[in-house]
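Structures are listed in the sections that come next.
Two complexes are shown next, each including subunit A; its partner changes from subunit B in the first to subunit C in the second.
For the complex of A and B:
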């Protein structure tokens, strides 16, 4: 029983990290119609900056959020400005950001080399710490990522539902021209939302650095999980993203115990396919009809 | 119009970045390799041939001898390939400083195979047919090595390689591996580790296997019954059972595993005396961190091929971890002054290149040995004729950083298992078994009762 419970809890908390990585992507794709592969680069870059601040200056990894969020929020806004200027379509955004992704990977290699970078136990004491609930261990980095993802998902939901900015974003996602007719500046709103999404990526990067070793090719490993979570949750739905990430994490954890780790991706994609058969718009996505 | 411009810009960026059809892979990389060929180099010679000479070496002259290869400069294998890049650059630099090869300067043309085996094969085809390189050096990574060996065989090129662990798959007679595990690492490597544990007089009774699904680590762990060679049929798990260890867990995981929590929970649940981790890269520290989070630490753990630096980064939790090596930068390996000097030079070069763990160990020394093999083959043959180089290497003793050996032509040219057991003690790696190769005052520390 302990094995099952621990695996489920571990999967659930891993879902928090998946959610952190997916929230910005979901907003970008669902609202701005930008499939932003550079989002993965932002996560990785933020992770490296976290590592560097801890390695060079002895910063507590959590403190890196203070630096990374504004830096990458600005970077995200700048990128959105370029997207707006180029007036790129959804498909073109995939091409453009894929190019950026490759360039970022090369830049990462040039700065930090291709070798593994991992904070040691002095720089990152959290990696071996857990909060205990009876026999159940809740690893601190994953627990923190889960709680932050929960706060962000609920906060963003509130932002979207209850504020002028949220109403502007929703109007923008439904009809850009009509939104403009009502006095909404689509470029400004898009840049703000892109900054928000990139800020989420930055936070995800901090938690990634706290959880595992970094190397330039690491971001490729996230494609499957993140796109599964974003599609399963429903494009643009932050709460759906959180729920989907939790499902993906738990399903992966259970599948690992039943059939070993290789079964985990199979189980996750089966769940994705089964869900989309009944809800093509994802768990909390809005139907197109 | 703007859209068209944007699309063109995007495509150009993608093409440049990806190196498709003549981009990064074939333009950026040669700069970095041509550099060392002409850069004033270290004062001391490196190769056997160089050290045999007296006094100062004459500067090489004439057209450069071009040695082509690929490495995984990007992609998931890049962290380890970076070590081979540093070793190769340093070797060529010192080779040129010592008079070059056959009196001519040497240029190493290394292309990025992006950790993709098919890409490696295509690039070797290009190096041989279009660039018409004089010699080749193998890539990093078993997949790439297996793909490129077919190209080398097709064109009759001598094919030295440093890290091919799928030893049964490399039958080309002019293939010369320097990976020091011998032809049957599935037998010799685990036997060495179990012998070491049993030498303590208190070996484990239960054992857990946690194995990366990488072909090389799967082969060592389970063998491969389909090769037709009975020595290939079994691996670490079966040998453990034959020795009377009870296997209490056997779990395999994919290369790109993202969540170690459930595996750690399974290990804790099985509570083995010893964990045999068929690890690559940072699998080891990732599992250690996940086990730490569960407040669980097995009595002993072995890691097959870990990145050495990150393991040490796990701090106190990594104390006692075992692995195998063929060379470490401490006595008795550095008792030979030439080896000591090479280890120092590598440390300096790797530090300058930003490699986090800059010590010369298995990866770097295997790389070095492959280069030494190639150079001695050419010098022994006295020409760049591949048939003659191949004949020389098959019929003569070769001297490398690992010592003198003869390629075992009956065993796919592997020359025997030169592995030794190393252990993390006091925050660093030390060879602890067998006794004659152990670092001074170091012995294996293990007890299932810990």
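For the complex of A and C:
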């Protein structure tokens, strides 16, 4: 009984990290029409920077957020600027960022080698700490990631619903030409949104570095989970992404208890297939008009 | 306008294939290194993989990352059936192809029923399938169980010669099959239908193109050819593991090869496979593996941004400058020499030709046509 409760809670908490990794991807794909595989490279790179800051300078991993977010937000904006200049289509963005992804992966292995890199308990005191809820253990890195993801998702939802920036974004995603006629500069809004998405990737990277060992091939392993979350949640939907990430996390957690870690991707994939068959627009997505 | 002669390309391919069948005997008689056979086999392998990928993705525009899954099904079919169950080898090749085709069809069955985002979801679905198959293989001990399967004990057909000769000939058959199928499809109703799907699927459907059926047929062919080629490749690798099969390497390479060569013509993937494999083989030989991935990524970006039509069409458009580039490459090879092997020479020649075709000058396409000032003016007004 306790094992089941624990696996559900752990799954829910890892859902926080999944949400953080997927949110930027969902915004970028849903609004900017850019399927950005470099997003995964950003997450991993940010993780490695966190590791390096802790390893070389003894920084607290949480402090790395201060460095990583601005750096990657700028990188994301620069990338979006290039995409706008080249006027690439959705499919070309997939290919182009695939090229970038490969380059990033070799650069990562060139800098940090193919070995596993993990902060030790002195550099990262959080990884062995847990908050106890009755007899349920909540590991601090996962708990923090979950809470931060919650804040980010709700903050993004507020941003989209209540601010001028959010209204501009929604207008652009509905009808680009009309939005332009009302004085919205699509390039500026796109760059701001891309910066936001990359900033989320940077935060996700910090938490990844806190909770597990890093290696250059890690980014590929996220493809399945993140795309499942994005499609399940509905493109561009903040709340949908959050719920979908929780579902994916819990399904993965339960599957791991039943059949060990290899069963998790299979179970998640089956959920994805079922979604595509019965509700292709995702949990929170609007149906086709 | 030339009269279309759809039988010409397959006929020429078959003639060349028959001639190449005796190449191993020539290598044997002339005492050339066995490496020439293995190098040629790898080019055949990539030609088959890239041609099979392009048959669906290049012609229909639906982007697939699933090549690794199809290839992996082929490799593992031989691993499981021949090594563990003792099936005869040659029929198992066909089974590998059929299983991979079935995989392709089941992906299509799920995704092609969607009305929105078919293309994007297809792409990501194919990306996920390889990892899911990897997970299945890891769980199931009848397939792999996480241990890997040694393949060196696979009994090989004696009739095809020594191991390198046999692998060369099997590779040749697979590559020729894939290329001929691509040629036939390109000039058939199926090909025209796929091209119309690529241009605008909704219009194609309105005009009566059976889009669902055509996509399923093409995806099935892609899966079959890729699985078959993967099954043959099982004879070339001595040990198969999940990590080496279901990863991003195979899709990356076939995407790069096809995009580099050009996706609108069957010749594109063939040219791309030859160029990319020769280059990466020489880079690895020079101890530059780390750089080779960066070059691959950069080349992919460059092609998307600057040369969407691909090398083959570009070269056909500018035969002179390509020939000059190739000649410079040949000469450069002698000057820069020491040319340790003919493959290095081939590398320089291809590099010269590719760079020649890529030089951004004198493209006939950009020059405005004479006698059409009105159209040009309209284009300027509308375009500006």
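Keep this in mind: the second predicted complex is superposed on the first by the 289 of 289 C-alpha atoms of A that agree within 3 Å, B and C clash if a C-alpha of one lies under 4 Å from a C-alpha of the other, contacts with A are read in each partner's own complex, and residues count from 1 in each chain.
The working rule: a contact is a pair of C-beta atoms (placed from the backbone, for glycine too) under 8 Å apart; a residue touches a chain by one contact, two chains touch by 3 or more.
Please read all numbers here as calculations on a predicted model, not as lab measurements.
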Fit-or-clash call for subunit B and subunit C when the two complexes are aligned on subunit A: clash
Which of subunit B and subunit C A:231 touches, first, second, both or neither: second
First (subunit B), second (subunit C), both or neither touched by A:281: second
Subunit B versus subunit C as contact partner of A:252, first or second or both or neither: first
Touched partner set for A:3, first subunit B, second subunit C, both or neither: first
Residues of subunit A touched, compared between subunit B and subunit C (which is higher): B
First (subunit B), second (subunit C), both or neither touched by A:63: neither
First, second, both or neither for A:78, with subunit B first and subunit C second: neither
Touching partner for A:96 - first (subunit B), second (subunit C), both, neither: both
Which of subunit B and subunit C A:216 touches, first, second, both or neither: first
Partner chain(s) touched by A:272 [first = subunit B, second = subunit C, both, neither]: second
Stretch of subunit C, among 219-227, 273-281, 309-317 or 363-371, that runs into subunit B once the two complexes are superposed: 273-281
Those residues of subunit A which subunit B touches in one complex and subunit C touches in the other: 86, 88, 92, 95-96, 98-100, 102-103, 105-106, 109, 220-221, 260, 262, 264-265
Of subunit A, residues touching subunit B in the complex: 2-3, 6-7, 9-11, 13-14, 86-89, 92, 95-96, 98-100, 102-103, 105-106, 109, 112-122, 127-130, 132, 137, 139-140, 142, 211-213, 215-217, 220-222, 225, 249, 252-253, 256-257, 260-262, 264-265
Residue numbers on subunit C that touch subunit A, as the complex places them: 61, 63, 110-111, 113-117, 119-121, 123-125, 127-128, 131-132, 135-136, 138-139, 146, 247-248, 252, 255, 259, 290, 293-294, 296-301, 304-305
Subunit A contact footprint on subunit B (complex, rising order): 2-3, 6-7, 10-11, 13-14, 17-18, 24, 73-76, 78-79, 81-83, 115, 213, 251-254, 256-259, 261-266, 268-269, 281-282, 285-286, 289-290, 292-295, 307, 309-310, 312-317, 353-357
Sites on subunit A touched by subunit C in the complex: 29, 35, 86, 88, 90-92, 94-96, 98-103, 105-107, 109-110, 220-221, 223-224, 227-228, 231, 235, 259-260, 262-266, 269, 272-273, 276-277, 280-281, 288
